[in-house]
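Look at the two complexes coming up: subunit A is in both, with subunit B in one and subunit C in the other.
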Partner chain A sequence: MELLIAIAVMALGAVVLGAALGYASIKFKVEGDPIVEKVDAILPQTQCGQCGFPGCKPYAEAIVKGEAEINQCPPGGDEGVRKLADLLGKEYKPLSAEHGEEKPKAVAVIREETCIGCTLCIQACPVDAIVGAAKQMHTVVESLCTGCELCLKPCPVECIDMVPVPETLDTWKWKYPVIEIKPAEGRKAA
Partner chain B sequence: MAESLSIEVIYALPGKQECVRLKLPEGSTLQQALEASGLLEKYPDIDLKKNKFGVFAKLSKLDTVLRNRDRVEIYRPLIADPKEVRKQRAAEGKVMKKGAGEEGEAA
Partner chain C sequence: MLQKLFKFKGGVKPAYNKHQSVGTPIATAPLPSRLVIPLHQSIGGTPQPVVAVGDKVLKGQLIGAADGWISAAVHASTSGTVTDIGPYLVPHPSGLSIDCVVIEPDGEERWIERQPLDYRAMAPEAVRTYLQQSGVVGLGGAVFPSHAKLTPSRDVPMEELVINGAECEPWITCDDLIMRERAAEIVSGIGLFRDLLQPKRVLIGIEDNKPEAVAAMKAAVQTAGEPFEVLAVPTLYPAGGAKQLIRVLTGKEIPAAKRSTDLGVQCFNVATAWTAWRAVAHGEPVINRIVTLTGNAGKPRNWEVLIGTPMDQLLPLAEPAPDTDGVIMGGPMMGFLIPAPDVPVIKATNCLIAHSPTLFPPKPPEMPCIRCGECARACPQELQPFELYWWSRARNFGKTQEYSLFDCIECGCCSYVCPAHIPLVQYFRFSKSEIWAREKDKKMAEGAKDRFEFKQYREEREKAEKAEKLAKAAAAQAAKKAAEAAAAAGSEASPAPPADDPEAAKKAAIAAAMARAKAQRAAVQPRNTDSVSPDQAEEIAAIDARRQQAGLEPPAPSPEPAPAAAPDGKEA
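So, the complex of A and B:
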């Protein structure tokens, strides 16, 4: 009799745990590869192409595939590299100089008295932030402008300026705490 | 007419850009979007006859039928005369960059 009870208890346990595991595998199923999305979320979405890829998403894909380094994004800055290093478990590297340097966030502003309505900046804008048409005034929509500077070069009359965005309560961000790690004094580094 | 279009109407001024999001019935025209946006009342400067309008940087007529997710743009006239700006730049010895040629002919 005792033998039968023992077998029944073990069998019941197996059924209950099996059901729990089966339920969990359906409920917590992971769709696809979420890591690209996570990398893309860290990137600043300026779509400026300074990393050498056509936009932030292709760069994110390249990072995950191991085809690109994590330090090729100047608009993301030092903070961006640190976050990527954290996420991917890679070594932190300073921003690579050949891809440009970190600048304060700025938006493009068109000098209206010089704009000739040529639409070249509109074609260059990766985020459709410039309103205008042929021989009509062009205007940058501040809330859409990512500060990628891609419109500066095509302008035939050089009427676009980058104006830095002042830091306000809405745009202020926590700075990454920088604590240097040094060997303790009086002791030589091993 | 069951389906609806998501339309943005945008009027960009140098300091302030007005953007209105609308839901319009299928088959709506550019003019209907402008009227529904309320921007015509807010900015009496906008004249349906004088100002030009367009969808995503393409000049369009008022009776253009809109498509879903179109951005209707209200344009303002240029301040500068393109010819004058080019002459000035030439006088200052600055070179017009690539792409300027075809616009020069049009202007």
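So, the complex of A and C:
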């Protein structure tokens, strides 16, 4: 009898806990892969495709699936690679040369007198930062441009230049304190 | 009245060096040969120039209109001609240039029309706007637009208004002298602030190393019959920090990431009160300020200087010694070396110290931190600078924020006491600006992501719409073909070619299209025949009849519009 009660109690417990777990798995189901979101948050969202994937999100997915290395994002730079390595528990690797190199931030500028209004750059811009219409002059909204360079190639008249963003009082940063290395007094005399 | 004073933790007592420049009264600096007035002289939006090159301007004329609420206007400091508007070097540690208006003075000092303002008869909102247009900003050094600070919080009742006359930084004496000489006007300005903010108490805090200023302010308060309390606070750097002075006078400690207004306290510098009063009572916008010229100089003194005066024309007034090798703007604790000798005096310029290696010996090289904890003992914000230093050095910015990096007021006490000569504040500034830059980048990235995703969504949608359209057209085509084929098979039993003949199908399609076009033409009705009055309908009918008679038109299916219009006409 005692044996039966014990079995019944255990069985009841199993059913109740199973039901709770089953309910929780439906109620608190996580949509999508949270790790992809985390990787995507580290990527710079330039959508430049230099990594070989059509956008930052696909690259994030490929990294998580193990189909891509973490060092294929030049706009994210060395710091981005380090962050990804930290997040994913992978070994840090220097930025791979075949995917390009880290450059100072630049924005595309259309030489407006040369622009023929073909709209090809508008179609190429992944972040809708170019305004214009067919046979009308186009221009880049500087504050929205991510500097992905995707508009350079489609332009038939090569009127788009990448212009580095100059430092202003708003973007100026205090530098990392460095210790000036000076020759010792004795050496100077010698 | 005896008032209990409170204490803040930490602080240092550097050599004060104030006696050099207090011996002589404030003098007016001579008119310089040119004025370079930066447009951006306050926290917030950059004013846009409202004058053009070649314009004649009057003293006090608006040259840059405030851009947004957190921004203050900029004015011509003297009458003359605008010779240039463009980037010039400004006193900023970055050594970058910003847009300035250059004025060549005509020497006449012709003022704009100045009118005193009866602020008591005006709405507080109008007074605030007036102060913004007069360019009144905090002259303690932060240059925050004062009108924004004079807006009382909606949900926290204003308890105390703290007026900062502590002037704790070594060498600087401009607030001391302005309190000694212009106490009455300062007190009137404080009255203006009081009327706008409606605090329960007004506390004026002055460090006790300025007994003359305390006496002058007390006398002025008594003469004005105001219930302000003038309090001498113990001399201890940085007692003049807003948070420290509030702590000393009210006992309130401002929590991390909160503002003093959240506790019902607001703080203003004495010189700000003076400029606000000049603006209200005399109609004079902020075009000058008191600047202490001191340091390695033969004649240290306070001067009333026009904003925009190049420092290399100002400093000779103090007769700097020949071994002067630079100029510090601000005090030795928080100031910085100006990037070029000819940068202009701005609203934030309270003091210029002639720098020499004997007066300010170069700092010995940085040594490793020995974990002595002196910096934590000296920190008036009760932070742990050594922790902040390690994390900043390691560029671990998340950790610096966990250790409340943004509560650091950059007073320099930690660097001052550090036995290893570590430039701690530099590390903190580096971390802060890196964090701000990252935040900006992150915001940009989020925007870019949103736009990218929307573009993808839009492209998908357009593709789907196109596909749908094509499918519909194809279906319609197929249906029509089938119908025509059926019609051809049914009615045209004549010697027509078989229906499956492509040629015949084409012909049938053309015929069908023509028939459709005809039907469409017939169906098109004159547009403005709806809602015509019965008279108009009659007229139209008559015209149509005449046309038919004249044989211009075949009997048209016109009777329809007229009856359709009739009911409308009746309604009307």
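Everything below uses one rule, namely that the second predicted complex is superposed on the first by the 134 of 190 C-alpha atoms of A that agree within 3 Å, B and C clash if a C-alpha of one lies under 4 Å from a C-alpha of the other, contacts with A are read in each partner's own complex, and residues count from 1 in each chain.
Here is the rule we use: a residue touches a chain if its C-beta (ideal position, glycine included) is under 8 Å from a C-beta of that chain, and two chains touch if they have at least 3 such contacts.
What you see is a predicted model, and the numbers here were worked out from it, not measured in a lab.
**Student:** So in the superposed three-chain picture, is A:142 touching just subunit B, just subunit C, both, or none of them (first/second/both/neither)?
**Tutor:** So A:142 only meets subunit B here.
**Student:** I'd like to know which partner A:45 touches here: subunit B for first, subunit C for second, both or neither.
**Tutor:** Once the two structures are laid over each other on A, A:45 reaches subunit C alone.
**Student:** After the superposition on A, what does A:128 contact: first (subunit B), second (subunit C), both or neither?
**Tutor:** In the superposition, A:128 touches subunit B and subunit C alike.
**Student:** Based on the superposed arrangement, let me know which partner A:114 touches: subunit B (first), subunit C (second), both, or neither?
**Tutor:** First partner only, subunit B.
**Student:** Once chain A of both complexes is superposed, is A:168 in touch with subunit B (first), subunit C (second), both, or neither?
**Tutor:** A:168 sits against subunit C, while subunit B stays out of touch.
**Student:** Which partner chains sit in contact with A:17 here, subunit B, subunit C, both or neither? Use first/second/both/neither.
**Tutor:** A:17 sits against neither subunit B nor subunit C.
**Student:** Tell me the contact category for A:156 with respect to subunit B and subunit C: first, second, both or neither.
**Tutor:** first
**Student:** Scan A:8 for contacts with subunit B and subunit C and give back first, second, both or neither.
**Tutor:** neither
**Student:** Using the superposition on chain A as set up above, list the residues of subunit A that contact both subunit B and subunit C.
**Tutor:** After superposing on chain A, subunit A residues 128 contact both subunit B and subunit C.
**Student:** Touching subunit A in the complex: which residues of subunit B?
**Tutor:** Touch residues, subunit B against subunit A: 10, 12-14, 17, 19, 52, 54, 56-59, 71, 73, 75-80, 82, 85-86, 89, 94, 96-97, 99-100, 103, 106-107.
**Student:** For a test of understanding, state which residues of subunit C touch subunit A in their complex under the given definition.
**Tutor:** It comes out as residues 40, 92-94, 96, 98, 365-366, 395, 423, 426-427, 429-430, 432-434, 436-437, 440-441, 444-449, 451-452, 454-456.
**Student:** Which part of subunit A faces subunit C closely enough to touch in the complex?
**Tutor:** 40, 43-47, 55-56, 126-129, 144, 146, 167-169, 171-177, 179-180
**Student:** In their complex, what parts of subunit A are in touch with subunit B?
**Tutor:** 109-110, 112-120, 122, 128, 130-137, 139-143, 153-158
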